[in-house]
Amino acid sequence: MKTIYKLLVVVTLICAVTAAFAEDLEVMHWWTSGGEAAAVAEFAKAFDATGNHWVDAAIVGGEAARAVMVSRITGGDPMGAFQFNHGRQAEELIQAGLLRDITDIAEAQGWKDIVNPPTLLDACTVDGRIYCAPVNIHSWQWLWLSHKAFEDAGLPVPTNWDEFVAAAPALEAAGKLPLAMGQQGWQQSGAFNVMMATLVPQEIYLAVYKDKNPEVAGGEEVAKVFKAAADARAMSAKSTVQNWNDATNLVITAQAGGQIMGDWAQGEFAVAGQVAGTDYSCLPGLGVTEMLDTGGDAFYFPVLKDEAQIAAQGELAALLLKPEVQVAFNLKKGSLPVRGDIDMSTANACMQKGLALLAEGKILPSTGQLITPDTSNQINTLFAEFFADPSMTPEDAQKQFVSIIETAE
Amino acid sequence: MADTAVSTNVSSTASLRDGPRGPKPRRTFSRRNILLYGTLFVIAVYYAIPLYVMIVTSLKGMPEVRMGNIFSPPLEITFAPWVKAWSQACTGLTCKGLSIGFWNSVRITVPSVIISTIIASVNGYALANWRFKGANVFFTILIFGSFIPYQVLLYPVVILLREIGLYGKLAGLVIVHTIFGMPILTLLFRNYFSSLPEELFKAARVDGAGFWGIFLRVMLPMSIPIFAVAIILQVTGIWNDFLFGVVYTGPESYPMTVALNNIVNSTQGVVEYNVNMAATIITGLVPLTIYFVSGKLFVRGIAAGAVKG
Amino acid sequence: MKRPNQLFRNLSAKIAAIPMIVTGLFVFVGGTVWTVVYSFTKSGLLPRLKWVGLDQYERLWSTKRWLVSIENLAIYGISMLVLVFVIGFILATLIDQKVRFENAFRTIILYPFALSFVVTGLVWQWILNPEFGIQSIVRDLGWKSFTFDPLYTPEIAIYGVLIAGLWQGSGLVMVLMLAGLRGIDQDIWKAARVDGIPAWKTYLFIVIPMMRPVFITTLVLVVSGIVKLYDLIVAQTGGGPGIATEVPAKYVYDMMFAASNLGQGFAASTMMLVTVALIVIPWAMLEFGGKKNG
Amino acid sequence: MNYAVEIKDLDLYFGNVKVLQQLNLDIYKGEFLVLLGSSGCGKSTLLNCIAGLLEVTDGQIFIGGNNVTWAQPSERGIGMVFQSYALYPQMTVEGNLSFGLRNARMPRDEISKRVSRAAGILQIEPLLKRKPAALSGGQRQRVAIGRALVRDVDVFLFDEPLSNLDAKLRADLRVEIKKLHEQLDNTMIYVTHDQIEAMTLADRIAIMKEGKIMQLASPNEIYNRPRNLYVADFIGSPSMNFLHGEIKDGNFLLDGITIPLKGYEFAADSSQGGKAILGLRPEHILTGDNLASATVRTTVTVELVEPMGSDTLIYSTLAGTFIHVRMDGQARVSPGDKVEIGFQPERASLFDPETEDRL
């Protein structure tokens, strides 16, 4: 009897407390690398400070995470909030009415005025309603170079892609891997898209991904990009790592010369205590065309029934774009904040470069905003194959690429 | 023919003659034996090496892992990787190691095994002894069901679970395991109950026992061995499941296999092979223990599970 | 006396069988029909009844990754089938030679079967890793040019998976074969010895044909395992390098949950079902066709 | 050399279990020898040793005068028939008969000659193209015998060949085996646990118990003069009645009844007296018209009657021992009746209760 009584008291207490304010909100994301984890902890800290509790649900790997999120939402077991790449991934969920319309919060917080570039908010908007809170800007178009690797090989640190390609043989002779590349389709197609955005005129990128023009996709300029991808393939032939952060680690430890990876790689350098400019270099737009895409992460909020949960969702949504949260988060994450009106002077050299480009408006839409996950999955597969199989010629790959673009929606 | 009436003196010792006597002499190291045991030894090494590598690596410190080869025994035995794998390894923000996955697996496995075994035993009993109309049709469907690739049913089951409101919950996964374990287990029990003497069943009916009475008081006490087999089959099967765990549960209720895959593939900085190996062993520990402890029953279990259809 | 209503005869038995009936009808039949039906739709992230005829199948069969998956499954499946049978049978015959330490050998050969595919995949990923696995060991021993890195060479990566698959699965086949061998009437062996037939001939011409039921059971078991091949790939190679070790089950999963293209996933899983049906139905006819058997 | 098979000091141990111990057995050429005993007595083991299917622990085996202790079964000049037939299921009858010969690279025409001869003897010509699964039990056993026949050997070994058949077929095939033996005139060693088979077929029977031969003699001798209590009890159905008493001054004293032992052939010199067991077969207890030839008579009360048509068994108690008595089939008795019974000492058996040997 006594134990049961005790139990009852405890249960009642817990219920009372929960009902009063502290709401456990499950937040799902795929930020699991060192830098990412540190960044997301900032959100958790800020949210916990509101009296609620951030229940962290991290899943390794974006694809696996998206699968779980979608099946949980469609499966009727929605979490409190989840991270997604804004863009076309969430389209269907919104159409199916599974995601919460947060227009009221956005308006109350004045997101329309502060989010920069405004395209970010557009990506969250369907039929004039806002469904997500963008939290950062990620750009893919960066080349990360290890100073020590080049030093060891007796070379100067390159300032653009062509110099880097030229330095590859010397790096190899010094026992270095010229280009680190994680053996996963999204990283390989990502690198290709970066080359497409930077090594050839910008119109090409838009013609291919926005207009889905198969002629352009099969044309001269894209052929050049495929040749460059073949170079990258040769340079990364000995790269056996899988995860992007393992690849970044090769650069950090000077086992590899460089890596094409989005700005989130910076978080890894930061965690490793490296300093931009002295330990490593970052070349936006591969040092060729200084241009960044404005992909990024956003938080979506599934439609829930529980009032307390809904309230907690609102608090989280509002908090995500708060200036101090934005600064703390983005510094850790290595990404750019979604508002231009905050002080990022503590950011390092690389981020400053990015901020400058952003301010100048040298921006591109990200592929995620232009093509469906299905199409990007097909492209990922194509490049996974291309990078793994040296016998596949750039011409063959381009042919397949054209047929993907032809059927893309 | 000799005089058949004469009885030979049986106990007397006949004199042995020259020539072969007793067992044919054999060299212990005959060519056949060298070949036989040599082959078996090589095979045993092939099968044993992965376990050896896992154990050895899991007992080394990181510096030793990096310099040494994977086959050399540890110079200095450390249990730190085990501790880390169990309680500290990280997936994202949560650094609670495999312990959470372990307890999840326990929470999934125990009710799944109990429920699926109970349902399947009742099914098997109904099919074997009561033979109601249409029983064979359902049974055939069930058996064919066991051959349907899981992928075909993956999504419909998501919908099913959503409709009954159990998606992403442990109870949902328990149902999934019960469903997918049903064909083999039902067959197992049906065949077993069919093999019991029918007179027993008839006698119980004459004595006035009903469906449940016969099941509980006559059949159950006689079917301890088959229950053991079914339980072994289910425990190992469910513990080792990965696909259903990934699809039908959320991260907070991931079973151990999924947690293992996450921990191993979520590297932060240096890959800690010793921790990964320790995690791998810990994950395999439950089915391995069952295997080593139950020995013959395990073999019977898989053989019984194998005779499906 | 009135005859009791047919429906209520054996009522308890029928009630007890409800879970089975529900599972059989709803899940197995219903689920399968559902998936097949939706494979003719343009379902993306969510299932939608927007008919597109055979479009999904057309796309499926013109997708290189699917073709590679099928090819891989064929290579893996056929090699696995042949090798697992040969190895399993040879192991069983070796163990059947009244060897000493039979239990020890059997234990060592079978234990991998107790382990999950995830564990199997990870372990062999490490052992086959060129940087510190077999390759580096052999190189350390002095053979500097030795190369054995199947998981990093697209052309042979699937065989790297095969090594792990065999390691995990051959013990099961051995146990089944051993049970089959032990189930053979000892008098047959004696008769063959009296007839002066050498052991290998006895195995080949007498024992193996007698083990047909065991072979068929094993075949069905191994084949259904092969079709389901998924965990091992995810843990060992993740489908890589490139798409060198992709398999249909993974294609289905990725299409459904990563590419948000359910229709494509349904079409692919329907093709898997067709494949299994092509194997299982003839077997079932063979097994149950002749005699009436519930 | 008129022995077909000689077994000398044979030992066979399975680990610590001594299955056969110091066993000696000589079998004449052309003899039909039956190894009889309950299961586990070592009779099949002995047969397997002769066949070379089991390796002996010690001792020697000669077949046709050759020391075959180390020889392969196929080299011993034996043919063997098994209880489970052991036919090769996927071969036709012809295939079964010829497989061993083909394997020995015998010329084709010689094989077909032998097969057709065997088929002729066993009358299985119409079955030659069939597979074993399409044959009845009796037909299968014929094929199994045929397989031994084609080997054209001097010694046939039968390992409980009729045990898997039903009673009627068993009786038929028993007769056929007997005919076969007369026709072929070769040595046959036949293992069975069925005493009828043993009594009807054998020239000599070896009764075995715990790896030892208890008695080796003609069926008649074994039936009439069992060498010990075990043999006496084992042979005969219903089995012998055993009455415990005492020998004194040439008489057997049984609870008040004195049975003079005049006419009884003592196996050993045991006239000094002492405790003894008197064994009387139910059919040797005289009743009714036969009582005239009895030297000793007494009256018992019938307790149970089993009419069997050809004869009637009655159960009763004599001197505190439950006994059965075989009466004429037409005798009309019912429980409670008093019946007079009598014995002939010369048809009885006496055993020493200590050694259990015949006195």
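First chain written, first letter: the chains are A, B, C and D, and each begins at residue 1.
Note that a contact is a pair of C-beta atoms (placed from the backbone, for glycine too) under 8 Å apart; a residue touches a chain by one contact, two chains touch by 3 or more.
Remember, it's a predicted structure, so these values are computed and weren't measured experimentally.
Taking the CA centroid of chain C as reference, the farthest chain centroid is that of D. Of the two chain pairs shown, A-C and C-D, the one joined by more C-beta contacts is A-C.
Note on chain placement: the centre of chain A and the centre of chain C lie 38 Å apart, centres being C-alpha means.
Work out the mean CA point of chain C and of chain D, and you get 55 Å between them.
In terms of their C-alpha centroids, the spacing between chain A and chain B amounts to 42 Å. Centre-to-centre, using mean CA coordinates, chain B is 16 Å away from chain C. For chain A, residues that reach two or more other chains under the stated contact definition are 64, 68, 71, 74, 242. Residue positions 247 of chain B each touch two or more of the other chains. Shown for chain C are the residues in touch with two or more other chains, namely 253, 256-257. Chains that are in contact with each other form these pairs: A-B, A-C, B-C, B-D, C-D.
On the chain C side of its complex with chain B, the touching residues are 6, 9-10, 12-14, 16-17, 19-21, 23-32, 34-35, 38, 47, 91, 94-95, 97, 99, 103-119, 122-124, 126-127, 132-133, 136-137, 140, 167, 171-172, 175-176, 179, 217-218, 220-221, 224, 227-228, 230-231, 234-235, 248-249, 252-253, 256-257, 262, 265-266, 268-270, 272-273, 276, 280, 283-284, 287, 294. Chain A makes touch with chain B in their complex at residues 26, 28-34, 37, 40-41, 44, 55-61, 64, 68, 71-72, 74-77, 79, 242-243, 245-246, 249, 271-272.
The touching residues of chain B, counted against chain A in their complex, run 90-94, 158, 161-162, 165, 167-169, 246-247, 250-252, 262, 265-271. Residues 185, 187-188, 190-191, 193-198, 201, 205-206, 209-210 of chain C are the ones touching chain D in the complex. The touching residues of chain D, when paired with chain C in their complex, are 48, 51-53, 72-75, 78-80, 82-90, 99-100, 103-104, 147-148, 151, 159.
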